[in-house]
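Comments concern the structure below.
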Amino acid sequence: MLINCAVYQDGTKLADLSPDRPEELQGYLQQPNTFVWVALRDADAAELEPYRRLFHLHELAVEDASRGQQRPKVEEYGSDLFASMHLVDWVGGDLSLGEVAVFVGANYVLSVRRGSKLHFLGVRERCEREPELLVHGPSFVLYALMDAVVDRYFPIVDRLELELDEIEQSIFVRGAQLDNIKRLYELKRRLMLLHRAVAPMLEMLSKLHGGRIPPICARTGDYFRDVADHLARIEGAIDSLRDTLGTAIQANLSMVAIEDSNVTKRLAAWAGIFAAATAFAGIWGMNFEHMPELKLSWAYPAALGLIVSVCGFLWWRFRRAGWL
Amino acid sequence: MLINCAVYQDGTKLADLSPDRPEELQGYLQQPNTFVWVALRDADAAELEPYRRLFHLHELAVEDASRGQQRPKVEEYGSDLFASMHLVDWVGGDLSLGEVAVFVGANYVLSVRRGSKLHFLGVRERCEREPELLVHGPSFVLYALMDAVVDRYFPIVDRLELELDEIEQSIFVRGAQLDNIKRLYELKRRLMLLHRAVAPMLEMLSKLHGGRIPPICARTGDYFRDVADHLARIEGAIDSLRDTLGTAIQANLSMVAIEDSNVTKRLAAWAGIFAAATAFAGIWGMNFEHMPELKLSWAYPAALGLIVSVCGFLWWRFRRAGWL
Amino acid sequence: MLINCAVYQDGTKLADLSPDRPEELQGYLQQPNTFVWVALRDADAAELEPYRRLFHLHELAVEDASRGQQRPKVEEYGSDLFASMHLVDWVGGDLSLGEVAVFVGANYVLSVRRGSKLHFLGVRERCEREPELLVHGPSFVLYALMDAVVDRYFPIVDRLELELDEIEQSIFVRGAQLDNIKRLYELKRRLMLLHRAVAPMLEMLSKLHGGRIPPICARTGDYFRDVADHLARIEGAIDSLRDTLGTAIQANLSMVAIEDSNVTKRLAAWAGIFAAATAFAGIWGMNFEHMPELKLSWAYPAALGLIVSVCGFLWWRFRRAGWL
Amino acid sequence: MLINCAVYQDGTKLADLSPDRPEELQGYLQQPNTFVWVALRDADAAELEPYRRLFHLHELAVEDASRGQQRPKVEEYGSDLFASMHLVDWVGGDLSLGEVAVFVGANYVLSVRRGSKLHFLGVRERCEREPELLVHGPSFVLYALMDAVVDRYFPIVDRLELELDEIEQSIFVRGAQLDNIKRLYELKRRLMLLHRAVAPMLEMLSKLHGGRIPPICARTGDYFRDVADHLARIEGAIDSLRDTLGTAIQANLSMVAIEDSNVTKRLAAWAGIFAAATAFAGIWGMNFEHMPELKLSWAYPAALGLIVSVCGFLWWRFRRAGWL
Amino acid sequence: MLINCAVYQDGTKLADLSPDRPEELQGYLQQPNTFVWVALRDADAAELEPYRRLFHLHELAVEDASRGQQRPKVEEYGSDLFASMHLVDWVGGDLSLGEVAVFVGANYVLSVRRGSKLHFLGVRERCEREPELLVHGPSFVLYALMDAVVDRYFPIVDRLELELDEIEQSIFVRGAQLDNIKRLYELKRRLMLLHRAVAPMLEMLSKLHGGRIPPICARTGDYFRDVADHLARIEGAIDSLRDTLGTAIQANLSMVAIEDSNVTKRLAAWAGIFAAATAFAGIWGMNFEHMPELKLSWAYPAALGLIVSVCGFLWWRFRRAGWL
């Protein structure tokens, strides 16, 4: 589905175009310092076909874009670029994964968004407000899109860090261990999803600045480096979260073991106290005929007193030993 | 065992050949833009011998292909290539490992499949339907075979991910821990098998695109990069699965410990309640002569009431403390 | 907020300047072997604006410096450098994170500190006392600032090592496990915070010595290598701490399990002893009419003796087995 | 101790030599396309001395070869090579470590075996049977020795994999956990020993093919690559074994915990059932005078019935809950 | 504190010098093929000052050498080298850490030892006995010192391996787990200390052989490679120890769990046996009037027999199940 399609010259928008008149687009493509920027959504191979012919896109790239489920990557086909990125978004309390594929050539940018509600209208508006930057051409648009994608990772990392903070609050709270391990596991799953979006993108960005870079990005290397830097910060946060999360899981297991040990101690203590009482009672409940103490009038209270004393003594000792 | 053998010129099939007439093959091998594509199955050294002489294959490569049990790899012997890949397939509910070895030269492709029911007839058909691609020659056939091998890894990864999803459903379910740990262990074993097929292949593909590539692959580098990319996605999924699986094993252990702790608490609680009842009963079962309360007519119901009250109080306290 | 602003020629301070008179600064900037050193605190984009125009700072760098929350990094913008570092400080018993951003050009140094009470007045004083070093120009100031930042990491590592030492003292002490796991977790959190300050900085320093270095640092490479070396020592200490901490967490879990096991043994032992006593008492408490031993006058003391003997024997056996 | 010593020209054996006549060896060393191949066993510095002088061996290499306990490595001394490898063998049910050091020059090969019963007579025989390969000279002998060393690693890996398979059979078997953990630990120890033989050798082989290789190996690079490949397969298997073994240890711990938890449940269940019976019996064993139910003739069977019913009900409930 | 100071020409000692007459040293420094070798101990900045001026040492290197607490490293200052190494020694049953810093120039070697009783007199003696090697100049002295430092790591690794062997002896011994975990933790701590000495030194040695090496080491590259090789063997042993130690800690935890599980089983078994006895006794201790079996003369022995039979049966079943 077409979102919009416009032509830009020297950083300024010339006109909104209709893709139904390809000869018009064709005309603009031949003008100097001019490029066409097309945005599509959930386009299949058929919908991409006219653009493939117009922009001479490589079949492998078109196949990747129309099928989706790509790994974040950037690939050079001749002098053109094909980039694919993950869009990560909160939908109904969980992370949802979408994609955006971008074709970049000397005189065109074609973006195809798939499976996500996140849109890039703001990117286009901001670009149009800064013609002195947009004059860098299609590779600047690629930068702007990447920057927007990466900017949307930050609140997600923040929320995951917040979740970990919340779990940490209750990690040493008695009885919260079952809940904690569930939440830690869920957090781990989300972290992995984000990591799989970020790590390959970091790798792909290293091809766009420093060292040998595609000629099309020659003037925008500083911008890609800046995105790479933001992404490295996110990846650093993810690494740190994973490491802390691993320790949290271990700490949680330790807490379960400590609590179990405390219960065992308490069980041992009470079992000992009652067993002592029961043993005494059992002895005086024996039916021997010659048990002289049974005849004494003060024996019963004395026996009760003895039992209470012994139990009390045990209780006090266990208490001091920290078992109760 | 010969599967088929044909000769192609400028991307189009000229004829099916019989390897019994080597002079005919020899004749085709000298024609320009022509190559022979031979497919064998479970061939031993003797069966490979005529091809070794015809295509001047390197003895080390032939040895590797006839013995099987190779690590995925690609090797240059002069201007020719030898590639070996793992075929992974579900057989009877478990993963089964086969191999395919491919010899590629300027004018021939020889594939030897071993120990797997997966075949490549579809690859040949697709290639023959697209002469404009097959014109790239033997290295395109190598690409097509690799692409087919890699495409067959995807459903396996998907099924492993599905298995993990299923285990995750029951990871926090009481009493499922024994089953879960068995399934997690089995999943790990399968993941390792797939990982050992994928990781060396990814390494081998890096020799076929970017940087210095064999001259024979000069025109098909983009295709090999695309396969490498698909493979990188699989490897990413495997990494993610391994990481999540490790966490799942830890979570499972935590769950066992939490359940054990709960049982210990419950045991402690009931042991306490019954011990209290038994201690009271024991005391009034003692045989002292002077136990005035035994004479009272309302003492027995009162005693029962006391015992029930004490036990009830304990039950309520343990309940409130979350032990019952 | 401006902290101070001065101009230096051939390593000696010429004058303190007021940024309110930019034409004066402009004049100094054109003199040879002269540079301006400006220090700001918690400056926003508006406050940085005049310097941006004066020193022709890159907009991306200014954006990073005014927003804060940067990853430690060093970036080249043309012949100028932009560096960002983390300031780590103890505030109220916990680690607190600040930042300092430094812009370095041929004839200026601009540092912006953010969110930390740590200041760099000592750096300026020391630089002014050593004109033979300050003559190296702005890149020497960058070195001096980095050196000061890194020097402040050392006491933090020392304190973390001290904390681990303290925990180690009680790691095999009975009953300290709950406290230990809490402290180990907290220590881990702090280590991660420091690690996230140190690791990217080490990476960034590798760009300032050895290999291809920015021309502006040509004469100060040895100094940056020295800072890198100090940082590598800190990173080595952090790695070692993380590794030891991981082992400490495992040892702690082992200790909990060992203690639990000891309690279980003790519980088992006492339960056995009392159960034996109760069983004997129960038998002689049965109401059979023909129990000849009940009639004997010495039976009761003998029974008591037997019970005590059996219990004593069990006690002695359990003691020998190390259960009590 | 000398094993054998022969001279080869153009791939064919000329004569067996006696090292007692060094002038003869000296004579052969000056002939073109000729090399001397000496095999020693457990030689000390004194025994190596004549060869050191004859072949101009580097003192550091001789020291390494005569002392043994070297790490697998390959070193260039001028145009000569010194290689050291581990020999791993099963002796009396355990892995035993030996070494072989090989000196290779343009016209000589000297191998020194140490601390192992594994010999290389088969290597010499095979080389002599294939003069068309032996014509490659000393570096081919080095290849043949390496290939023989690596070929002997395969059955060891196979046996370790078999051991793990056997352990896996009993990993989820009740009561086998103690035995399993012992065997897993032993397996780990063996894996580490093999890993320490294989990993450095893989590293050393990377110096003998691809990239810049010693001139002496110029014509045998393909052969060394083949050995490297076999070794990479072994290392892959070791990695996989280590990873699976780690998971097996975790699974074993989980099994212990699950079994412990099951026993605790059973203990809790039976303790509950008996405690109920004992409590009822205790109540009717009390000595109150007014316990009307004691007088009824059908009370005793009714009481027994009640006790059995309660116990039966508990048993059924626990059974249903999976505790029994 | 000066240990000794001598001048060497063409590998032979010319004279012992007194540092009090710097003009004499100065004279020797100008002669060809001559170098001065000074050894200091625990020298502070003041003591190093005359040498700094004499040898034109770089201030950063002098600062590092006089402060100590350096990370092992080697740094080039112009054509001179500064190396710092850790000395590891057993003092009073624990590992103690010292340092040695070495300044190397074309015509001088200056070593500063700090905080360790390990001395290098043997190194000087051996060097003086081998003038054919000492003629390589100061870089050979650096090699000899490094070799001596590394040689002293070997017995430490051996002792740590011995310690692990001893722990392994008792890892599956009942009741030794508390002791084992303490010793494993201590061993880990020592391993980390050694690792921090070895790993950076390995990295530093890679700068002294192969690739681009400092001109001063041009003729001694083979020697440094030999040291690097020894060090790689030590690092390999440390890695192997760490890995095995990690497994040992896990095995120890498993052992604790298995032992705990065994005790729980035994507890469960005995609790069951006694509970059965007590329940029977309790039933026949009830005070119902109509319990016909109480009147029978053979009832008591029969009851005792029944109780013993039931208990015996339970004992036999638990025994067979491996619980007792």
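A few points about this structure:
Chains here go by letter, A, B, C, D and E, matching the order in which they are written, and residues are numbered from 1 within each.
Basically, contacts are C-beta pairs under 8 Å (C-beta built on N, C-alpha and C of every residue); 3 or more make two chains touch, one makes a residue touch a chain.
Model, not experiment: these values are computed from the prediction.
Distance between subunit C and subunit D, defined via averaged C-alpha coordinates, is recorded as 39 Å. Measuring from the averaged C-alpha position of subunit D to that of subunit E gives a distance of 24 Å.
Residues of subunit A in contact with two or more other chains: 250, 253, 257, 260, 264, 267, 271, 275, 278, 282, 285-287, 291.
In terms of which chains touch, the assembly is arranged as a closed ring, every chain touching its two neighbours and no others.
Around the ring, proceeding from subunit D in the sense that reaches subunit E first, the chains are ordered D, E, C, A, B.
By the touch criterion given at the top, residues 58, 60, 64, 70-71, 73, 75, 77, 175, 177-178, 181-182, 184-185, 188-189, 192, 195-196, 199-200, 246, 249-250, 252-253, 256-257, 259-260, 263-264, 266-267, 270-271, 274-275, 277-278, 281-282, 284-287, 291, 293-300, 303-304, 307 of subunit C touch subunit A in their complex. Here subunit E touches subunit D in the complex through residues 168, 171-172, 222-223, 225-226, 229, 232-233, 236, 240, 243-244, 247-248, 250-251, 253-255, 257-258, 260-261, 264-265, 267-268, 271-272, 275-276, 278-279, 282-283, 285-291, 322-323, going by the rule given at the top.
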